[in-house]
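The two complexes that follow have subunit A in common; it is paired with subunit B in the first and with subunit C in the second.
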Partner chain A sequence: MAYALEVSALSRAFTGKQTVVALENVDLKVKEGELFGLLGPNGAGKTTLIKILSTLLLPTSGTAKVLGYDVDGEASKIRPLINMVSGGETSGYGLLTVRENLWMFSQFYGVPGSVARERIDGLLKAFGLEDKANAKVRTISTGQRQRMNIIRGFVTDPKLIFLDEPTLGLDVTTSRTIREYIRDWVRARDDRTLLLTTHYMREAEELCDRVAIIDRGTILACGPPAELKRRMNHASTFVMDTTSFDPAPLSAVRGVKGVSADEIESGKRVRLVLEDESAISDVISAVVSRGGRIVSLNKVEATLEDAFIEMVGRGLG
Partner chain B sequence: MPLNLRAAVGRAYPRVIGALREPSWTFFDVLLPLLGIAAYIYYYRALGAASSFEGFVVLGGAMTAFWLNVLWGMASQFYWEKEIGNLQLFLVSPMSRMALLAGMALGGMFSAGVRALSTLFLGLIIFDVHMTVEEPLFLAAVFLVTLIAIYGMGMMFASLFMLYGRDAWNISNLLQEPIYLVSGFYFPVRALGPWVSAAASIIPITLGLDAMRQLLFGEQALGLLPVATELVILCVLAVAFLVLARYALRYMERLGRKEGRLTLRWQ
Partner chain C sequence: MAVSAHLRTFRHAAWLGWQMESNWTRPWLFMIYSIARPIAATLILVVMFLVVKQGVANDPAMFAFTYLGSVFFMFVAQVMMGATMVIMEDREHYQTLKQLYIAPISIRVYIIGRAMSKLLLTSVSVVISIAFGILVLGLPLDLGTVDWPLFAAAMALGISCILAIGIALAGITFLTAKHSSGINEGIGGAFYLLCGTLFPLTVLPSWAQAVGMAIPLTYWLELVRRSLYPGSAMEAISGLGALGSGTIMLYLVVSTLAFLAASTLIFRYADRRARRAGKVDMTTSY
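The block that comes next holds the complex of A and B.
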């Protein structure tokens, strides 16, 4: 089995006034042809890992191979084979049109003019951006710009592409278009690999063959989403809507493995992963003692998000 | 077409298009500098200086476009590219870094050339300045080598400033005005004395301007060195800056990868 990515005992620290360890002893293997997800909260080390794999950053220790080449000594062999796109990036030049920007970036990879034009036309169509092809980049919306960025990543026909939060802040329709394209792109050929980081658990669950959960620079778990969810079999997941209260202390309640909370109209929606169901009575007492009132309480089937909460102890964000 | 040639053309493209697509530059880059030129010309006229001095001013004013482009479009360019997220995309791509710089330089030469020609043309018309081109090939050679040398210097600065944010911007600011003085943009540099002139000659625009003045205004130009000697020195400077740029870029990219300074923290 050929590996697109082989990461072994990889660490990266940033030295300054304080030393920050962004990655610590990371081991990871991604097979060629895989759509692989990297899940983790802000500051978990996802972007640092992508920067190392895309040859923008050197590891402090350990090794990383991309498509068989070492990121330290063989960066020039890796670069023709990869591309990367980050969510919310503002690359390109505002005075150029969308088409001109895409052509310019294709030239940095030596794509012949006629091939570039053909690919750009096809991708503009696939992403519903044909009507903006001749619009100056500074005049298009954020969502259109993000679609242009994603096209930029695919226009060079890479063997491996890194997508760092590609659907961040995009509307539902645009996100769906991007997800569909990503899935089809990987499936179209055996030798295409895609590494995706995302904040959206459903996106990872829907798209990825395997995901790795990363927190504080360490890989906590790695496997297909279904397998990660199966690891939750011994735990129970509850969703509780309450009036407003501070849910943070709930994680200290005995039997609670993880808590995440979102704001909703009536107050909070709290997602709880419990070691066993009996802990729910202590949770209810804790909510009430902190001034909260429970509006509804449901036991639900575990999702990838619950697996994440169980491992990390909190939700994304 | 090989990868690096495509890359250089691709990177030059926004600058060429920018010069043609954004007419607002005519006001800021041609009409405003003409006011500065006018001030020097009327100053020389009030002093009763030889008419060739007015020619020095128009020539210096035109060449200012290239100098400003070298400072702000080359030396500080990677600072802006890093800010908007382009630098990381350039560095992830397989193109040679020298091709990237060459593209920036070629595009810059075109856009600054359009500005310089406009300034020269308007300066000659408005102030009725006369120049005599007796050796056009020699003049073209001096001009071309001067451009290669100053853009080579810009490429070297771009490499050195790649990792430095606002510091690069400040250094460009620092270099802008003093060079007008020590390089003799508006007067024969010999007036500054042999030591200052010799020191200023490390900046190619000094010898380039001096040689062009001699070729356009003859003995009135009060040249620093014979034109042929200046051309040879300019050739040496051009090669030296290009070689230094190549090594500086390789070193700074490696250092940037090691220290994590090729991208901003939030990128």
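The block that comes next holds the complex of A and C.
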């Protein structure tokens, strides 16, 4: 089995006035050809891990191999094979056109001219930027710049691409286009690997072959979304609607033993994961005793989000 | 990395640099700006010179010494600082540095490529300034007597040295925030003072003269002046008259090689430190 990524006992600390441990003893293996998701709240260590794997940052300790090469000593062998796009990325040379920006980066990777031209045309079409191809980057919108940067990531046809929150801030239609492209891109060839971080559970569930849940620099669980959800079989998930869900009742619910709660709709709807279903009576008591009024309470099928909430103890919101 | 990859990086970086220098306005406006800027800069110097050194203004050799020093120092100001600012601009303004950093290119070759547009525009500015000096200010320069081989050799070494210093400072810029422009200007100012740009080294205190003699740009400016003014008049002013042109060329070669080696080491060290500290993609309040 060939691995695109092999991470072993990887740690990264940022020293300053206070030392911040961004990653701690991370072990991770991603197979070649996989679409792998990294899920975690803000500050979990996702971006730090991607920066290390993309040779932008060195680890404090441990090892990380990308396509068989060590990120510390063999960065120059990794770089021709990878690319990275960060979500919300609006960078680019404003005086150049969209096509010129993409062309220049393709040339830095040594893509032959005719191949680059054809690829750029195809990607501009796929991401709906054809009509902006000759527009200067300074004149296009933020969302269009984001799309240009996603194209920049794919224009070099990397063996492994890191997408850090690629659909962040984009509209529904564009996000769907990107998800479809990502899925098709990985499936088109066996040797393509994609590592995706996302805030959107549905995105991870829909796209990823496997998902790792990361929090406070540690991998909490790793497996296919279906398997992670199966781990929830022992638990029960409820969605509760209330007329007014003030902070007091919510914190009381979170205080019930064996219960994790995540607000779906601020002040009105909460998703509850109960290790033992019998704890629902304690939840109801906690809400009612603090002035909350329950409108509805439904048991629902577990989702990846439920698995996440149970492991991390809170949602991504 | 293969030579062809370096050439490709150089070519596209030079193209990018040229687009950034020239693509901000209409071509005719850019042409006017390119001609007016060096003349304006030179006129400031001329006025200062005439006011401060009224008696010396009648000394053609001294006038030529000061004028040429200032004109050729444009290479230091533009090319060295241009190379250094590549990191700052790409990291903080265009926010493309992290994309370039993980690309299979040599960042040093990329910086040199980006600096080429500055080199080209500065060369045009120098030619315009010298022409303006000859035609308007009576700069006593006879192109027929210029020692062109010496001039070409001095320029090649001098530009190499300026780029080497620029790359070293670019490396330091990896580690610093917005203070980088202050460091660049400080070093540029020190060179202006210590390398015999405006006035002979002999007017400086002995320690400053010693520092000046350790900087290759001192020998570069001396050789440029000597090549443009073959004879003894220029040599007598600079304070390096005891040294023959061959000796000065040797000093320039040796000191340039030393600066190139130091530049490589500084850049590699700073690059590694920046990657370790997570500063490659930092953005400050630039």
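Everything that follows uses one rule, which is that the second predicted complex is superposed on the first by the 295 of 317 C-alpha atoms of A that agree within 3 Å, B and C clash if a C-alpha of one lies under 4 Å from a C-alpha of the other, contacts with A are read in each partner's own complex, and residues count from 1 in each chain.
We adopt the following convention: a residue touches a chain if its C-beta (ideal position, glycine included) is under 8 Å from a C-beta of that chain, and two chains touch if they have at least 3 such contacts.
Predicted, not measured: the structure shown is a model, and the values here were computed from it.
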Side-by-side fit of subunit B and subunit C on subunit A, or clash: clash
Touched partner set for A:122, first subunit B, second subunit C, both or neither: neither
Partner chain in contact with A:224 - subunit B first, subunit C second, else both or neither: neither
Which superposed partner A:80 touches (first subunit B, second subunit C, both, neither): both
Touching partner for A:43 - first (subunit B), second (subunit C), both, neither: neither
First (subunit B), second (subunit C), both or neither touched by A:95: both
Residues on subunit A lying within both footprints (that of subunit B and that of subunit C): 14, 51, 54-58, 76, 79-80, 82-84, 86, 89-93, 95-96, 100, 104-105, 107-110, 152
Contact footprint of subunit C on subunit A as seen in their complex: 14, 51, 54-58, 76, 79-80, 82-84, 86, 89-96, 100, 104-105, 107-110, 152
List of subunit A residues in touch with subunit B within their complex: 12, 14, 51, 54-58, 76, 79-80, 82-84, 86, 89-93, 95-96, 100, 103-112, 152
Residues of subunit B touching subunit A in the complex: 1-4, 6-7, 9-11, 13-14, 17-18, 21-22, 84-86, 88-95, 100, 257-258, 260, 262-263, 267
Subunit A contact footprint on subunit C (complex, rising order): 1, 5, 8-9, 12, 15-16, 19-20, 23-24, 94-96, 98-105, 272, 275-276, 278, 280-281
